[in-house]
Structure formats: C-alpha cells, structure tokens
C-alpha cells in the first residue's frame, strides 16, 4: 500500500468519529469509499457529488451573507440544514474565511465584505493591490520574514501598523547580549499597546477556528465526510495575490523574471509546509489549492511553463509524497495547458475544472487524475432543472466513464443558485450516476 | 595499510578515515588494531600541536573524528583495552570559573602523551580536588582558570590540599589566561605553564617514566 | 594659578587620548584602566548589587573615577550591559550573573554552548528573522520558548488561511512570551538610561567615556553567540562555505549596530572585543580565511564612518601583528593582553596606538614595586615617541585598590 492508499484507507475507516447512529456510520463509510475510489481512478458504486458551498447555504435558509459572517451559530445551522436536505457525499464545514468581527478588529485591508464595502446580501471580495512594490524584491530576499512583519503586515492590517516601528528581528543575532536595548526602544514606542489590541482581535478568530472544527465533527457524526482538508497556494499566486498584485506580477514576468523566479523558489518550501500543516489538523487527506493567475488569457503557454507550472508541480508532488491528495481548483480555462498539467502521478490528485473544456480534459488526463466539476453557475442560477439534468447526463456519460469523476458546480454551488436546480442536479447524479 | 589510518586521521581527512574504519570492520579485523592506529594518529596530532603546525581547532576536529571512530568500533569490542600509562594527573577548572577550553587542551595533550587524566570539569570546589587526589593516589594536580577570580580560588585549593596533609606528596601546576609567576607565588603552586606543552613537560618531569 | 574648569579638563583628557591614538606625543601618558566590576570592589559593594541597583552602581563608578582620575573611563554600562531584572524577565540563558549561577562576589560569565546547530546555516541565511524568532530567541530566552510553536512566519502570506495564522499570536503562551519581552525591554531601557546618565554626569565633571558602542567581528559573533567555539571550529573544516556566507551576512548588521550606537551616544570610539582569532586558536591560514577579512572590513567601515575602532586583542597576537599593518595609520586604539607589547612596538608602533598591558596578576597579587617596575618599562619602551596609552591586560574586577592607586600615581608622575 502506498502512502496515498494508506491515508485514504484511514479516512474510510472513520477512526475516532462518534457517530450519531449506525445509519450515519454506514453513510459515512459509503461516502468516503465512493470518493476514495473516484480519486484512485477505480470504479465507485456511483458518481460522487461533493460540492463546495459558500453563501448558497445561508441564502437557502434565508440568512443574508452579512448575517452569516457575523453570527456563526446561525451560519452553522444553515449549513447543517443544507447538508441534511441535500445529502451530498460531503458536507462543507469550512465555510467563510473569517468572521466579520475578526475582519473588523484586525482592520483587514485586503477584503471588502458584506456590510463593509459590499452590500449585505453579497459575498466578500478581494482587493487587488501592490502590497509589495516592484523594487522591494531584494528586501524580501534578504530577510523574507522581516519584510513580512514590518512592511507587509502593516500594509494589510491597520491594527498591525505599529510593527513598522520595531527594529528588524534578525538584529537579535548580532546584538551580542544587548538585545534588551532593542526592545527597550520598542517598549517605549508603544508596541505594547498595539500588540494588546491584536491579541484581543484575534480572540474572535481563535473562537471561530474552534467552532469550525467542532462543527466539522458534528457533520461527520451525522455521516458526512469533508472533501476539503488542508489548503495551500501555488507560489505564483502567493506572490501575485498577496504581494505584487496581478498587474505587478505580470510586469515582473517581463521586467524582472530572475527576481520573480527567485521569489517563487523561495516561497515554495513554505507553500509545502502550509499544505502539510493544514492537512495535519483536518480530518481529510485532500489539500485544496485555488489556482488564480495561470489560465489562458492571463499568461501565454510559455509563461505558464516557465513561471506558473514548475513550483505548482513541485508543490503537488511534495504533497503526494506524503500521501496527501492535492485538489487544485483550476479557475477559468486551462484547455490549452491540459497536456502540461497531466504530468502527475496516476490516481493521486483531483483536478477541479471551472471553465476548461472538461470533456477534452477527460481525453487528455482522465486516465491520470480524478476530475471534479463542472455544472455551470449560469445554468444553476438562471437555467431550468431539465437543462441542469441534461448537462449532468453529459458529464456522467463522458467524464464519468469508467470512474474518475466527482460532480460539483463549476465554482461549487453558486451563491445565487436556484434550490430547485440544485435539487435536480443532486437527485439526477444519485440516480443516473450509479455504475452498473 | 595499517599506517594509512593513523596518517589519514592525523591529516584530518574525516570522510576517508571513517571509510577506512568501516572497511576494516567489515573485513572482520580486530577492533583493537584499529583503535591502536587511531591512537597513533592522535600522537602525530599532538606532536604537530607541539611544533605549532596544528592549533586548537585541529585538536578539536581530530577529537571529533576519534570519537566517531570509537563509536563505530565499540559494538565490535570483545574486551577492554589495556593501555600502559605513564602516571596519573588530576585536572580541573577551579571553583567560580566555568571556562574549559584551556583545560581541555591540556587534558588532550596529557592523554595523547600517555598519562591517565581525571578531568573534574569546571567550577570544581577545592574539596573535590582533594577527594580525587586521595581516591586515585595521583601525585600531580593541574588547576586551570581564566578569570582573575581564579587567583584566589587556586590559592584556596592549594590551601585545602595542605590542610588535607597532601601538600608534600602532590605537585601543583596552574595555568590559564592571566596566570604568571606572580600568581604562582600568590597561590603557593609549584609551577605554572604558559601553554599545554608546558603542562605535559611538568607532568613528565614530576612523574618521569614511572609506570 | 586658576583651577581648570571641568570642560577644560575634559578637553585636555580627550586631547591627550586622541594624540596618542594619532601616534603623536601627548602632554603625558594617558591612563585608561579598564575597570569592569572593580568599582564595586573599590567602594565595598557586592558584584550582585552592581547588577541590580543602577543608582548604587552609578555612584560606585563615580567615586572610583574621581579617586582614580583616569583619562578615559570604562562606562558602567559596558561592564554591566543590562540589569539583573531585565535578564530575569526573559530568563536569559547565555550568561550567569552574580547571584544567578555565580557567586554574588564574582563577575558574570558567558555560558558557552551551541545556540545554533550545525544544520541550521541555511535556515539562518534564507530567512534570518524567522530563524531569530522561532529558533534562536527561544534558545537564549527561556520565556520565549512558546515561539517554537509558531509556524514559519511566511505562512502568513498564504491567502486567507495564512492571514488566519496570525491568530496564533493570541495563544496564551505566546501572549505571555510577548509580555516578558516587553517587561525586559522596559527594564533594559531603565538601565541604559541610568548608565547614559552616569556617562553624562562624568563628562560634566571632566571625564570622557571610553566608548559609545560595542560590537564584535563576524567570526566572533558566530563563535561566541551562535555555533559555540567547538561548533565553529568544526565548521571551518566541515562547512566552510556556509560559515563564510554567514560571516558575510552578519557583517553589515554589525557595522550598522556600531554606527547607530555611536550616533545615539555621540561617542566615536567603538569597543571591539576580539575573542577567537588569537595565536593558537587557529592557524594563520584559517585566520586569513575566516577571521581577518571580517575584522578588517569592519574596522575599515568604522573608520570610513568617522569612528575610532578600539579592538581589544584578547590572548596573544605575536604571530599576527603583521596583518595589523594593513590597517590605516593613527586611527585605531589597540588594547593588548598577553602579546609582547615591547616587541610589538617595533612592528605596529607606526600603525596603531598601543594600550596595555599591566598584568592583572600584579594589580591583584603583586607588590607596589613590581607594579611600578612594569609601568616604568611600558612607558620607557612602548611609550617612546608617543602612541601609547597606559592600560592593563584584561578588565579589572578583583584588583587591589592600593595597587591601583600606585599604578595611577606612577603613570601620572613618570609619564609626564
């Protein structure tokens, strides 16, 4: 048994879960087996349906996104009801990134969220920006964590602005027993006060993490495994999203390719660590990797081969090495780069496609990876149940042939999806997706 | 063949020396022979240190390589080694002082020159020196100290040896950063050494070729 | 004849010292006793009190300076660089101090150890601040042990999950650790404030302070504070490239520290204690490869910045004197320990001012005549043609006040 098999078997064994009753235990084990088979390119009993849900669940029960982000108990109740009503092969407990209270207390600059820059009934949105300037690569290389602590964090959080006043923490190293002076300065400059408010702010987040974990356990006890385990990013997206911004990193590909490459290589070990650590504290062996900046139109095939793919590839291989199942969420269209990304060990990853030609994907890499997706949001939001079913049929016939398909919406279940369409999708997959 | 290990070790070629030992152990050779060659290598190191070809880092490094060799050989040992020793020396850094590198060098040199050394470590109370002298019957004691506080501490130690009635049976040598004739006088020691070789010479003088 | 004002005396003393540094003949031989904890002995207080009571410690130094009447004084803030309270607040592991690991009547001692492991060079080079926070600080400050629980700080870059990592700062253990740093910082600020006040007070009374900043050379930083003596010696053989890369890396940090320290204090003299490159501690080849380049670069950088390097050559440098002649002339105050200064005068006397080298043994256990004889010889030989400051071999802790007075008086009388 290789490491992937081991981890999947562990998952299927449901060790340590206190089930509500025998039926829940049976359901859990059936669902994990179904998913494990699909991942390993075996033929499961039927095509699994394991969607991502963000604000669909709150909307479904009549809760606004703002309410969901500020009242976690209400949000959990919405997710629970959704899970019990639709009975998918997974239930999503990960939900919203952070509670609204934390975002406020942290004075987080990289997001607009319901009631804070976007309407109460809309989802949150990321604010593009150059959080690292074009001429700051060298400072980043010389001491990445110093850049992070004293330049980056103050830019993304109003509360952490005082960190700028600290001397570089690497100065402990040469300070020859005289470290104290440094912190004397810091003490005098009121860092203490700033740290206090951060500590208070973060209390909310700690509570959030704890209750998310507890909710996940509750869902498991009801028979629902989590398809989402750990999480990490492609190094290009880390540099592009968090630091340079889309425009910035695009220009870097032309103006400072060597520095960009150096930054990508520098951040790769941390990307791996991030995946490993987050997976280790989750009950599922998958690692979610939302891919942002590498699709057709965002960069040429050459640029994809040079800048985007190599570190992403290494990241996924490192996760597979530990028996984890990378699950890149491949946003937008990757149709012309399917061959490149097909270079992955067989039966050890899930590729979740949004707008790529998923049928072509089956041809090119269906014998190597399990494919997830891709019922279009447009259909789920504005189509009819029949149209949804027709799409699902094609999916199952073509992409589900011989196994290797997990059904989901193209981006998960769109926030504004019509419940009857989601119902149609769910029932159809459960009936038509049985392997005879 | 046998010479190679001694010289390889003396030349501080770590990887090669360990590889040699591995090969010889695999060939079923008697571990005592290997240790013997290693010891001869250390003697060469000691000589080079005396001639100022080698310095403290070379002693430290050769010591590390020897330690690794000993670790490799130990599991294959069937009996203990018996080595002829020229005599016994008690060594330590005096009470209140925790510096050890000078003492370690002297211990090293005494050892490779065939003495049996009892290293009491650092910050050693006067009574502990006395006890060890009694216990081992050693007639030579070396006191090491780096800081100026050692001056009085060494005096206290010599006084304790006197009080124990051992002063006329035991020779005391002192050494360390600020030690000189004035301090020797102050402490009542028999001699002081400016370097490790002096320590060895004094030990040889006082213990002669006594077996 | 009118009494000289403190300002005049200050200027006189400074000129005396600077003349010697510039290799001129001053009006008389300058006197710089490197008093360390000696001031405590001088007034009859314990060394432990010196570490805990800034007021008492300052007073002791003031009295001692007025009694001994030197041309430069060794700042009490150099002898005791922070307070026992500050050390306790962070459970500082790298020294034992009076009442905490060593006798209340003995000086502090550095706890030699491997604070950085042999396989950690890459971690330090790749991300020094991360290494400092999560690995090094927890080892040297007991209260910061919880920092080892933090994930790599760069994890905070990874999107939403990453920013969520900042939540770890809220862990009670981490919060407590941060508090201890804060407490230590405030204690340290108090202490350095008091020490600076003493320096200012003595300046107003006419006495210049020896130096305004202290720094070490790159090799000593690694050997003293990071890898330990054994570790660094082994690294010279086993991982020379990583050692060299690290030496290069820390050099700008050290220069920066010295410059900012001098700027803050307004004192251009920078104390550089040299520990591990002396005769016997490494071959000349190793000296040329690992020790000298960093030392030379640091000294040149300080001179470039208009500062006066004051290297203390601990141990013996008889075999290394020729290197020193590569340094700019008349810009350095060199302090010597067991080097044969009488011979050295002929070799480096035209390059740097020689300060030294009364043996500690004489000042502690000698006779007045022995002290005078040695001082006379120093003044006659090393003081010939100027470029000499009367000093001692190490730093003064247990010296006999009577002998110190003999030494001081003789230097003043005979050195005219």
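Order of writing sets the chain letters: A, B and C. Residues in each chain are counted from 1.
Convention: a residue touches a chain if its C-beta (ideal position, glycine included) is under 8 Å from a C-beta of that chain, and two chains touch if they have at least 3 such contacts.
Owing to the predicted nature of the structure, the values given are computational and were not obtained by experimental measurement.
Undergrad: Quick one: most central chain, C-alpha centroids?
TA: C
Undergrad: From chain B, which chain is the farthest off, judged by mean CA positions?
TA: In terms of C-alpha centroids, the chain at the greatest distance from chain B is A.
Undergrad: Using mean C-alpha positions as chain centres, tell me how far chain A is from chain C in Å, no decimals.
TA: Those two chain centres are 52 Å apart.
Undergrad: Please report how many Å separate the Cα centroid of chain A from that of chain B, as a whole number.
TA: Computed value for the inter-centroid distance: 62 Å.
Undergrad: Between chain B and chain C, what distance separates the C-alpha centroids? Give it in angstrom.
TA: One centre to the other, that is 32 Å.
Undergrad: Can you tell me which positions in chain A touch chain C when the two form their complex?
TA: Counting only chain A, the residues touching chain C are 97-98, 106, 108, 110, 143-146, 148-149, 152-153, 156-157, 168-178, 180-188, 191-192, 195, 198-199, 202-203, 205-206, 209, 231-233, 237-238, 241-243, 266-267, 270-271, 273-274, 277-278, 290.
Undergrad: With touch defined as at the start, can you tell me which chain C residues reach chain B in the complex?
TA: Residue list for chain C touching chain B: 96, 102-103, 106-107, 109, 111-112, 229-230, 233-234, 236-238, 280-283, 286, 315, 337-338, 359-362, 364-366, 370, 393-394, 396-399.
Undergrad: Taking the complex as given, what residues does chain B use to touch chain C?
TA: 12, 14, 54-58, 60-61, 64, 96-101, 147-149, 151-152, 177-180, 182-183, 185-186, 195
Undergrad: Could you pull out which chain C residues touch chain A in their complex?
TA: It comes out as residues 81-82, 86, 94-95, 124, 126-133, 136-137, 151-164, 166-167, 169-171, 175, 178, 181-182, 184-189, 191-192, 214-216, 221, 224-226, 250, 253-254, 257.
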